[in-house]
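The data blocks that follow each hold one structure.
After this come two complexes, each holding chain A, first together with chain B and then together with chain C.
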Partner chain A sequence: MSTFGGDEVSAIVLDVGSCWTRAGYAGEDSPKTVFPTYYGYIPENRVINKSKLGASDLGGGEGSQQVEKKTEKYVMGDSEISVWREYMEIRNPLKDGLIQDWDALEHIWDYALSKRLSVNPVEHPLLVTEAAWSTREIRETLTELAFEKYNCLAFYTVKNPVLTAFASGRPTAIVLDSGAATTSVVPVFDGYVLKKGMQRSPIAGDFLSDQILRQFEQQKITLNPQYLVANKSFTEPDTPAVFTKRDRSNTTDSFHRFQAMKVIHEYKETVCQVFESTYNEAIIASRPMKSFEFPDGFNTSFGPERYKVPEILFRPPEFTIQPQETGVDVGSYVGIPGMIYNCLATCDVDMRANFLANLVCTGGSTLFPNFIDRVYQELNPSFPGHRVKIHAPVNSVERKCSAWLGGSILASLGTFHQLWISRKEYDDHGKVIVEKKCE
Partner chain B sequence: MSAGSGASVSDKCIETFQELKLRKKYKGIIFKIENEKEVVVESTSDEPDFDTFASYISENYQDKPRYVVYDLEFELSEGEGKRSKIIFFLWNAPGSRIRERTLYTSSKAYLRLKLNGISADVQINDYDDFATVKENILNSK
Partner chain C sequence: MSNDVRDILGLSGLSAEGSVKKPMRIEKEKKPDGISRELFQLIGGPPPVAFIKPAFKAKPNLRKKAVAWNYRAFKNPARGDDLELRHWVKASEDENQAYRFNEFNKVINILDYTEQEYNNLLNSDPDWTKAETDYLFELCRNYDLRFLVISDRYEWPDKRRTMEDLKERYYFVMREVNTSRAGSGVGSKDNIASMYNFDKAREIERKNNLQYLFTRNPDQIKEEEVLLQEYERIEQNEKKFSKERENLLKMLNFQDINPSKSLLNGGPSTPTADTSGAFFANSAESPPNKKMRRSSSSSVGTSSIEVHSPTDAYPPNTPRREKLPPGVVVRSQKIPPVKQSAINKVTKYLAECHLNTRPNMATETVCAKWAELQKGIVNMLELKRHVEKLENDLDAKKKLLVKAKTTSTTQIKTETLT
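Entry: the complex of A and B
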């Protein structure tokens, strides 16, 4: 058996999530770099010659990548894509956690490997994480990409929930992952994903952000993202904003939306929270309001609405604003407790106790205050005679990057070298080897 | 094979387990992973009381995950005599470092596959879990 035998070089671990990409060296306890999976795209006919003007001298060269043969331009990196550029679209190569746009994915890999980590992939094995519902085609294309384009020393791919379960110390667990694009509940048994028990819903962070945008519209709040604000003055709460607006013609809708989402992110993190038990309007109305200042200086306080939007995670049909306009068939999705319930219903009854005692939470949308308590409150009465235990790391790196972290440690273990797909194996068997080696 | 670490299991592990299973030579076996490579027997125990054994584990292995096999003996109701069940568990010490935790978790299946005759395979994350596990096993007798 020919295996990859060099444990002296550290492996690279790459986790491309639907909102953030994490990359770093195996064995380290946090990723070296975390940057948005979103990227800026300027079409061929709109790329402006650098000497002429504009946007590029605002940002500096660090993250921008000029593709020489085509003239279209990809812009990567958090600060880079936040700089306003005429005609720049903001796009995302993933849909429902799966890779759709392979050209863009290559740009993300390039950026992560050469710009952020400054490594030559020829010298390193590469471990890539993937969604539990990833397809054979995707895994094979990833393998091909790693060996053909990047000439990696060796390659391996592991499913996110398995890595999360490993990092939590539980080979058997139910992994609840509520991230940006997807909320999923995946049963993992001794390191295997039990596919038939997997539950998936698009009601996650991005959906909530979109709902908050609608809530602002209903409240007649105009959201002016930072890029439109030249300067602002102090105003009393609930009085119209006094600010100078920048002239930003030829801004794309996607750029404006991306900027608006940044504001909403901050709103979500500072204002929103989950109600700790069954939603109760009367109690919530008596809770103190929380104020939020928008980039244009407008500030106001939010009461019940700060509980209402996160409540969608628990009861989608009842709490979604304008459900028919979301593009999601909201009525067909159950909330998180229902997903866990459905997941358990597909599993062997004998395994139920073990699963319930080992529920692992991960993903940014589980970070709402009271989220964990609420999940517990909803589940516990549904399973009398069982002990429900939820594991959610307090450390936010562990919560946001659990899959990366699991991959980092796994790939750094001395014994792992025999599992990598080596260059030779790839040359002998082709891309189909991935199905055999990375089960 | 599921995703795993690639660790190996020493023959001594299987021999010691056979002695517990067939000849009742021990009550418990504690396994550890040596040099992040191989599962070996760390110690054996003759402690007949499960609760005392549980306290021993949780006090001495506060931050060290281990694999444990224990031969749990219990009385059947109305004097029908004694029975025993061999339980296997991953002790996921509450204070363990993430590296150790991932190592033991991703290597568990290798050891587990070599031990035949386990009647319960459970996960124990803290001291309280011992009681729950015992209760579940007694209820299912």
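Entry: the complex of A and C
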């Protein structure tokens, strides 16, 4: 056991990401539970008369709802939030990777710790991940929450890129993380984030999904998510769908959008692809089309479109559809290779070669086929005479949960246990201790 | 059956059988001492077939009592507080054992200067206040002197400090404080000063150079690579040459020491371009020697070069007793030299005949002929000189005779007159 320096103290690792939340025990190779960070919210005035309907929809009610004293209702969990309920809003407590809605976050912690892991936090040290650009207030509130509400045995918070670097076995690396809400390029040196070199842009998974939605609109494809489809029948490709629609009045916009995004996620995962070298319309046009069937039975094939949207990651201004309406100033963002270049330019010149040989890619949006090849293709000519090496786990679970994995490794190391913030330290110094101890 | 046949043929069957069996037995018994049987069997003959025992998974020993593990609380001495975490340990482990990961807790000791020291030693730079220096040292302690991180986190109002600024300040403080604390020893002071030496300008220059190196374009890199290759090639050639030269010298020396052997051998030894100055001088003089040089470098025993050996057949009229350097020589050297006094005349004569001082193609016959020629020329020259001398003598005698005649006639005349 001493060979790998591990010492299990049954720590809990909690990684609340923009799209998914992962939780599990430190020392394990994958999180025990992964569920969406999105949650359903039914406001106070709507709960009482509609709860029956909601329960019947659930098929006997799995006790997934949490009835607060205020009687507003939070719905957590992958299957639970996918069930249609009247007036249920789908919300996300995070914005740009930062926690905005603390009540919801508490519900997420509750759900993860007591419902999914069934642990008593008093008995366990708790390691929480955070965005590299997390603010002092957020970290302090997290510390407060851990000690005041959950009364954790010990607490620590680490930045995502550091954990990703650890998960790939390197203390020094440049971490490219393209997740749902943000694409970031962060230099990590000896387990410390170099704040000045950090690059981030909102052009990530959610932005692409939004673009795909616009692309469907342009192609005159109406998206009927699964919850609207009662039954469907087979149709020939490119012929209108034949299906019976469910009556779902009083559906909130956010729920509909969430459901539409589910379809788009599937589309992204099965159809979309990154072109392996510089975008070339002629070659792409000659490639075979890929067909996709929508939940309502409509099916069609996609040609160049399936390359166009992921291309936004590399050249945002050129490929964004209706850039004015996205709410993002697309022109001011450079693509991923540019971000890496800018990041390196801010780093000390001594370290650049080292950083270039240790590029780590992670996040769901890096899972497009050919993504890694493309990044390499774009970077290699920019740095002649240097060895560019990109490390990306082949295993998609490792790519999606790299921060959690790093946390799992870190919290099970014997040498790490001196770093935990203990109850006593919190009592002595207050929440400001987090700034001092977790850097 | 073979015994019967042997009987019929009248051969001694028994003895033959014995002779067959005996050696086998002897072979087996022959194992010398000091060699293990296994090793002995391996010597000669095909190796024995190695049998791999089929290995099955070891059966769990169910009778043995399971090792007990305890869920124990432990304290980490590296921590300032008394946080108790719990982990599973074997019950056999000592409960009071120190936490084994404690030894990895390395702390860098960064010095602490006093107020007085600061005022006396470190106040010289108006750009730095004590508060800021304190802040820098706190960061140094927090980040264990990782200046990359320190300069990243460094935030002081109205100041923008580069990593070099920070390093300079840090090393300045370390140098000043440590030298003042070191006391009187002169050597130790210098030592400390050199230990904490930091040349900011040089560091900046180094980084600028690195920056330049980083921003090279592919053409520049290619050019550099080509140059580097060329350099390597030249260096390698140089090495090869010097090695060859060394080998040659070694060989020549060896033959110097042991000439008789090489003479006796008379065998080939590698002739190389640098064997003798005479050869080079010769070849340089005459253009057709190109061919000769090639042949000399490619093979031994060619016409122009050979190893001096007494067994070689020489043309009978070549004198053999002249002094020659041992080892490889140019054959034309073996041509007997002309007398010192006659050299000039011979060369002159050869030049008159449009010939060089040495033969162009120094084959054995040519050499022999050349020697003959030389000898002939010398003879001829000598004879010429002799002839000249005799002619002169004759002339002188004639003159004397004439004189004598005239005097005698005048005498006669005068006698007659008188």
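What we mean here is this: the second predicted complex is superposed on the first by the 414 of 439 C-alpha atoms of A that agree within 3 Å, B and C clash if a C-alpha of one lies under 4 Å from a C-alpha of the other, contacts with A are read in each partner's own complex, and residues count from 1 in each chain.
As a working rule, a contact is a pair of C-beta atoms (placed from the backbone, for glycine too) under 8 Å apart; a residue touches a chain by one contact, two chains touch by 3 or more.
Quick caveat: nothing in here was measured; it's all calculated off a predicted structure.
Asker: Which partner does A:417 reach: the first (chain B), the second (chain C), both, or neither?
Answerer: After superposition on chain A, A:417 lies in contact with both partners, chain B and chain C.
Asker: For A:326, decide between first (touching chain B), second (touching chain C), both and neither.
Answerer: Neither: A:326 stays clear of chain B and chain C.
Asker: Touching A:357, do we find chain B (first), chain C (second), both, or neither?
Answerer: first
Asker: So, A:348: does it touch chain B (first), chain C (second), both, or neither?
Answerer: second
Asker: Tell me the contact category for A:406 with respect to chain B and chain C: first, second, both or neither.
Answerer: The answer is first: A:406 touches chain B but not chain C.
Asker: Touching A:389, do we find chain B (first), chain C (second), both, or neither?
Answerer: In the superposed model, A:389 contacts chain B only, not chain C.
Asker: Of the two partner chains, chain B (first) and chain C (second), which one does A:235 touch, if any: first, second, both, or neither?
Answerer: In the superposition, A:235 touches no partner, neither chain B nor chain C.
Asker: Output check: A:438 vs chain B and chain C. Expected answer is one of first, second, both, neither. What do you get?
Answerer: The first partner, chain B, only.
Asker: Applying the document's definition of touch, where does A:141 land relative to chain B and chain C: first, second, both, or neither?
Answerer: The answer is neither, since A:141 touches no partner chain.
Asker: Which residues would you name on chain A as touching chain B in one complex and chain C in the other?
Answerer: Shared contact residues on chain A (touching chain B in one complex, chain C in the other): 190, 192, 414-415, 417-418, 439.
Asker: Quick check on the complex: what are the chain A residues that touch chain B?
Answerer: 29, 158-159, 162-163, 165-172, 190-192, 353-354, 357-358, 387, 389, 391, 398, 405-406, 409-410, 413-419, 438-439
Asker: Which stretch or stretches of chain B touch chain A in the complex?
Answerer: 1-8, 35-37, 65, 90, 92, 96, 98-99, 101-109, 112, 122-123, 125, 129, 132, 136
Asker: Inside the complex, what are the residues of chain A that reach chain C?
Answerer: The touching residues are 2, 5, 7-10, 125, 153-154, 189-190, 192, 194-197, 348-352, 381, 384-386, 414-415, 417-418, 420, 422-425, 428, 439.
Asker: In their complex, what parts of chain C are in touch with chain A?
Answerer: By the definition above, chain C touches chain A via 76, 78-83, 85-88, 99-101, 104-105, 142-143, 146, 148-149, 151-153, 163, 207, 210-211, 213-214, 216-218, 221.
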